[in-house]
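Scroll down for the structure; my scribbles are underneath it.
Chain lettering (A, B, C and D) follows the sequence in which the chains are written, and residue indices restart at 1 in each chain.
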Amino acid sequence: MKLVRDFKVAGYKWLNESNFIIELQSAEDLPPIHPGNFAEIQVPGNPNVFLRRPFSIYDCDLTYNTLSFYVKIIGEGTATLGKLKQGDTVNLIFPLGNKFDTETEGPVLIIGGGSGIAPFLLLGKELKEKGIPMTFLVGGRTSGDVHLTDVFGQYGDILITTEDGSQGTKGMVTHHPVIQEESFPFKKIFTCGPDPMMKAIAEIAKQKSVECEASLENTMACGFGACLCCVVETTTGNRCVCTDGPVFNIKELAW
Amino acid sequence: MVNLNVNIGALKLKNPVTTASGTYAYGEEFSDFMDISKLGGIFVKGLTLHNREGNAYPRMAETASGMLNSVGLQNKGIDHFIAHIFPAIKNSGTQIIANVNGSTIEDYIAVSEKLNELRGMEAIELNISCPNVKEGGMAFGINPKSAREATEAVRKVYKKTLIVKLSPNVTHIDEMAKIVEDAGADAVSLVNTFLGMAIDAEARKPILSTITGGLSGPCIKPIALRMIWQVYNAIKVPVVGMGGIMNAKDAIEFILAGSSAIQVGTANFVDPAISVRIIEGIEEYCDRYGVKDVNDLTGSLKI
Amino acid sequence: MVNLNVNIGALKLKNPVTTASGTYAYGEEFSDFMDISKLGGIFVKGLTLHNREGNAYPRMAETASGMLNSVGLQNKGIDHFIAHIFPAIKNSGTQIIANVNGSTIEDYIAVSEKLNELRGMEAIELNISCPNVKEGGMAFGINPKSAREATEAVRKVYKKTLIVKLSPNVTHIDEMAKIVEDAGADAVSLVNTFLGMAIDAEARKPILSTITGGLSGPCIKPIALRMIWQVYNAIKVPVVGMGGIMNAKDAIEFILAGSSAIQVGTANFVDPAISVRIIEGIEEYCDRYGVKDVNDLTGSLKI
Amino acid sequence: MKLVRDFKVAGYKWLNESNFIIELQSAEDLPPIHPGNFAEIQVPGNPNVFLRRPFSIYDCDLTYNTLSFYVKIIGEGTATLGKLKQGDTVNLIFPLGNKFDTETEGPVLIIGGGSGIAPFLLLGKELKEKGIPMTFLVGGRTSGDVHLTDVFGQYGDILITTEDGSQGTKGMVTHHPVIQEESFPFKKIFTCGPDPMMKAIAEIAKQKSVECEASLENTMACGFGACLCCVVETTTGNRCVCTDGPVFNIKELAW
């Protein structure tokens, strides 16, 4: 059941000047939220933002009816979301999209680039509940792009790469020893981040014959299957990222 | 009690509020958000003779108070619609109207013939105004001769209510309306999207894969209103108006300008339950001004 | 150092940023807000042969991300301009370009002849696209034959740079551009306003005294950009682009789409100092990307 | 010298649910402000408001660099101006327009309808300084429309009319005895309010052969003479309310 509902801004946690977590609270109970789900947030009070903006659900608390979003400021909409005041009203359509498939044997590798780590907290929680061990591989341009390792550290190992070598291994996530080395103990990869990164990971997953799911981004007008703007090419033709995704098994993608 | 029933040719709508083709999918996508049986009708996503994958990504760009799309009529073809989609939606309690597209006149005829046989569908909207396809589409709608030919050809094979959807990308929309009326249309609908373009200044590239796309949303409302007013004053058959309707006040404006029914398009993306609230708002407006029949409002602008 | 000089025919502009006719009065109104000598040029308020009182009030309606106007070329006539206004502004340190209007070809000729003699003014903009006058104006600009005739007639009497301002209210703007180029225009400018309409739902009346008016502002930008791109690819003479430019990023988009110079219009009302900031922003953009000459950006969109 | 400048919201005074005074503060010194001047206020954060909104300057304090505006909520722009928070930034173009002509002998009558009283506080201050006695005649539909009589009472007598008779004389301002009676002690009338009201007053002023200035409203796109949208018909043709006005001697108007 998808809902359109007003939330109130409950608070912010700023990670640095361009990354923040915003917590929104609903007066009513929340429906079940699954790892991979996203919401379409209506950005209030900015004349230059007409359509809603899609964001992965970073965290949810069914006791207090809160949803949290990890937002990286890249334009007007995200900047405005960072400037609201506690108690301001924000309208959401949620929960949208499909979910990660956590039916897997043995350990998994979770690879996030930049704000691509957003959907992985809920994933981590579900995997932990199922007793599936996980390793997070987090990449950024520089150490300033690597956030929340303390939070994710509660669920599994944390491996880091930065392009400038300011933290962890120097290079892209795909250069990390965990991927480069012969031995690869993981049964499944989950990834979210820039397209080129996910494509490179998909390539590696194919070579290693390991299951891989990628959470895709796309420019969306609606977020719930009405406009057909958000397609990705799959082996069965163009499909909507907002309804058939955002999570796709890479075998389905025409990458 | 206000009478909200309106007729578009032989098509009976329980109220003048319908949803625009391509913005409401096949209706079911909205059933979580609203009671779709309340609608006057649903104009479903554009249909073609054969399966179409549509255009490459990116297909969307946001603009000031609007958006560009270049979906390009992605659909699984008319046979799939008739076999698999229509049976699931035909009992949704509202009129389902197909939006018919073609690259050639033969395509239009073939699709319309099949829909003529389709029980439970009382009308089609002939889309001669899609700006997002290489062949056909808008090319038919911006040329008086081909607009006439397409309408006449479909009129021959389609016996139920034929609504022709006009392109706003023309110098004289009133003349185009007269031509399709003359060629047998039972009604016209307008406007389809305006041909527009968005550029990424940093990448120095067009944002859409197709370079240009169709502009919709409140940004186009003033031009759409003007065109509806012109067309209403030029023809006798009913006008179905749209273009940037975001709320009941906008809908009233379109009705005053000459629309017998209206379509809600891009607004569905921003607020998926807006169309029911527009119905309520129209009723409220009629109540407030003692209007007994919504048909009395159509074209009632005081000049 | 970036070269910002651009040429529109024989007209030399120190940078590509000019202000649009009817939105910057005669320039002096802005001198409290900015240094008008920094502008590439000022296209002054539309001129006619005789004094015109313009249309009745109300002349303005706000719309989503834009506005409608129906000013209707209020001005004191060409002789008054030459005798009283031009002398006061001709030394303002920027190019002053007249915007020439007429109800008949004879009007256009008469005004242009006078301006041909006017020392200190190097160019005129022939407005065959004003939607707010009963006779002439847009009627010339939406008809290929009269657009050609008007341009040819003025070309005969006007020897300096002739810029023809095109109406966007046409099916094929690229063809109109070719026609006026062929008829002797040294450049084209576009877009003028779109014919639109606003309605007061409560009063059930049009808001403008003239029922319809001209739509401008960011709402029209996507259509304007598309038209500039089409025209740039259709003709050889320079294009002066406008339509909803609100900031430097917008201006860059218009340049990438094919504009040699741009005009800032409605934005002047919202922020009367925006045009100087647009100049700075263009320079900054060029610096950032190592562009040595702004002319290299014109039409450089990667397809 | 007209300026474009950012102000901060210093505070509100609400008169009732749809009328308020907003005080805006500038970090820099203010230029001279004259009675009748107005400002074009950019309404922040409302996607449905594109152009600035014109408001008479209700009060100004050159010590604290504040300008105050008396605003009646009638649509999106005025509603949004009522919802700002202290410290929010608001951009103004000011001072705009001409001013009331206070060169007059003897007592004046100042007639305001609804929010039409806005320009009369500064006028009252100037008149008081000049020692010219004044009487305020304030009209409204009902007593809820009559505000600030305490403030204006510091400058002169207050006469009130309400259409429903809930306060003062029942009827329109033009029905008030001060206007109806034979004796008319005033040398000049200043008026601001709805057009029909001002036209009626102009008619009376002509009959009584008394000077009369009216401050007009109009739909404005710019406010400083650039667009020619705001014309009023005068005896010398169409003229701009924003630059040739907003104050006109009724003799100039083609009423």
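As a working rule, contacts are C-beta pairs under 8 Å (C-beta built on N, C-alpha and C of every residue); 3 or more make two chains touch, one makes a residue touch a chain.
Computed from a prediction, not measured in an experiment: that's the story for all the values here.
*Asks:* If each step moves to a chain the current one touches, what is the fewest number of steps from subunit B to subunit D?
*Replies:* The fewest steps needed to get from subunit B to subunit D is 2.
*Asks:* Can you tell me which chain lies farthest from subunit A, using the average of the Cα atoms as each chain's centre?
*Replies:* Using the mean of the C-alpha atoms as each chain's centre, the farthest one from subunit A is D.
*Asks:* Quick one: subunit A and subunit D, Cα centre-to-centre, how many Å?
*Replies:* Chain centres of subunit A and subunit D, defined by C-alpha means, are spaced 55 Å apart.
*Asks:* If you average the CA atoms of subunit B and of subunit C, how far apart do the two points sit, in angstrom?
*Replies:* That gives a centre separation of 34 Å.
*Asks:* Report, in whole Å, the distance between the mean C-alpha point of subunit A and the mean C-alpha point of subunit B.
*Replies:* 36
*Asks:* Send over the residues of subunit C in touch with two or more other chains.
*Replies:* 61, 63-66, 217
*Asks:* Identify all positions of subunit A at which a residue touches two or more other chains, and write them in rising order.
*Replies:* 47, 49-50
*Asks:* With chains as vertices and touches as edges, which is it: line, ring, star, complete or other?
*Replies:* Contact pattern: a closed ring, each chain touching exactly two others.
*Asks:* Could you run through all the chain pairs that touch each other?
*Replies:* A-B, A-D, B-C, C-D
*Asks:* Which of the residues in subunit B end up touching subunit A in this complex?
*Replies:* Residue positions touching the partner: 22-25, 29-30, 32-33, 45, 51, 53-54, 56-67, 69, 71, 74, 217, 266, 268-273.
*Asks:* Tell me, which parts of subunit A touch subunit B in their complex?
*Replies:* Per the touch definition, subunit A meets subunit B at residues 1-4, 42, 48-52, 93, 218-233, 237-238, 243.
*Asks:* Under the touch definition given earlier, write down the residues of subunit D that touch subunit A in their complex.
*Replies:* 44-47, 49-50, 85
*Asks:* Would you tell me which residues of subunit B are touching subunit C in their complex?
*Replies:* 61, 63-66, 68, 142, 169-171, 194-199, 201, 203-206, 211-212, 215, 217-223, 225-226, 229, 244, 249, 252-253, 256-257, 285, 300-303
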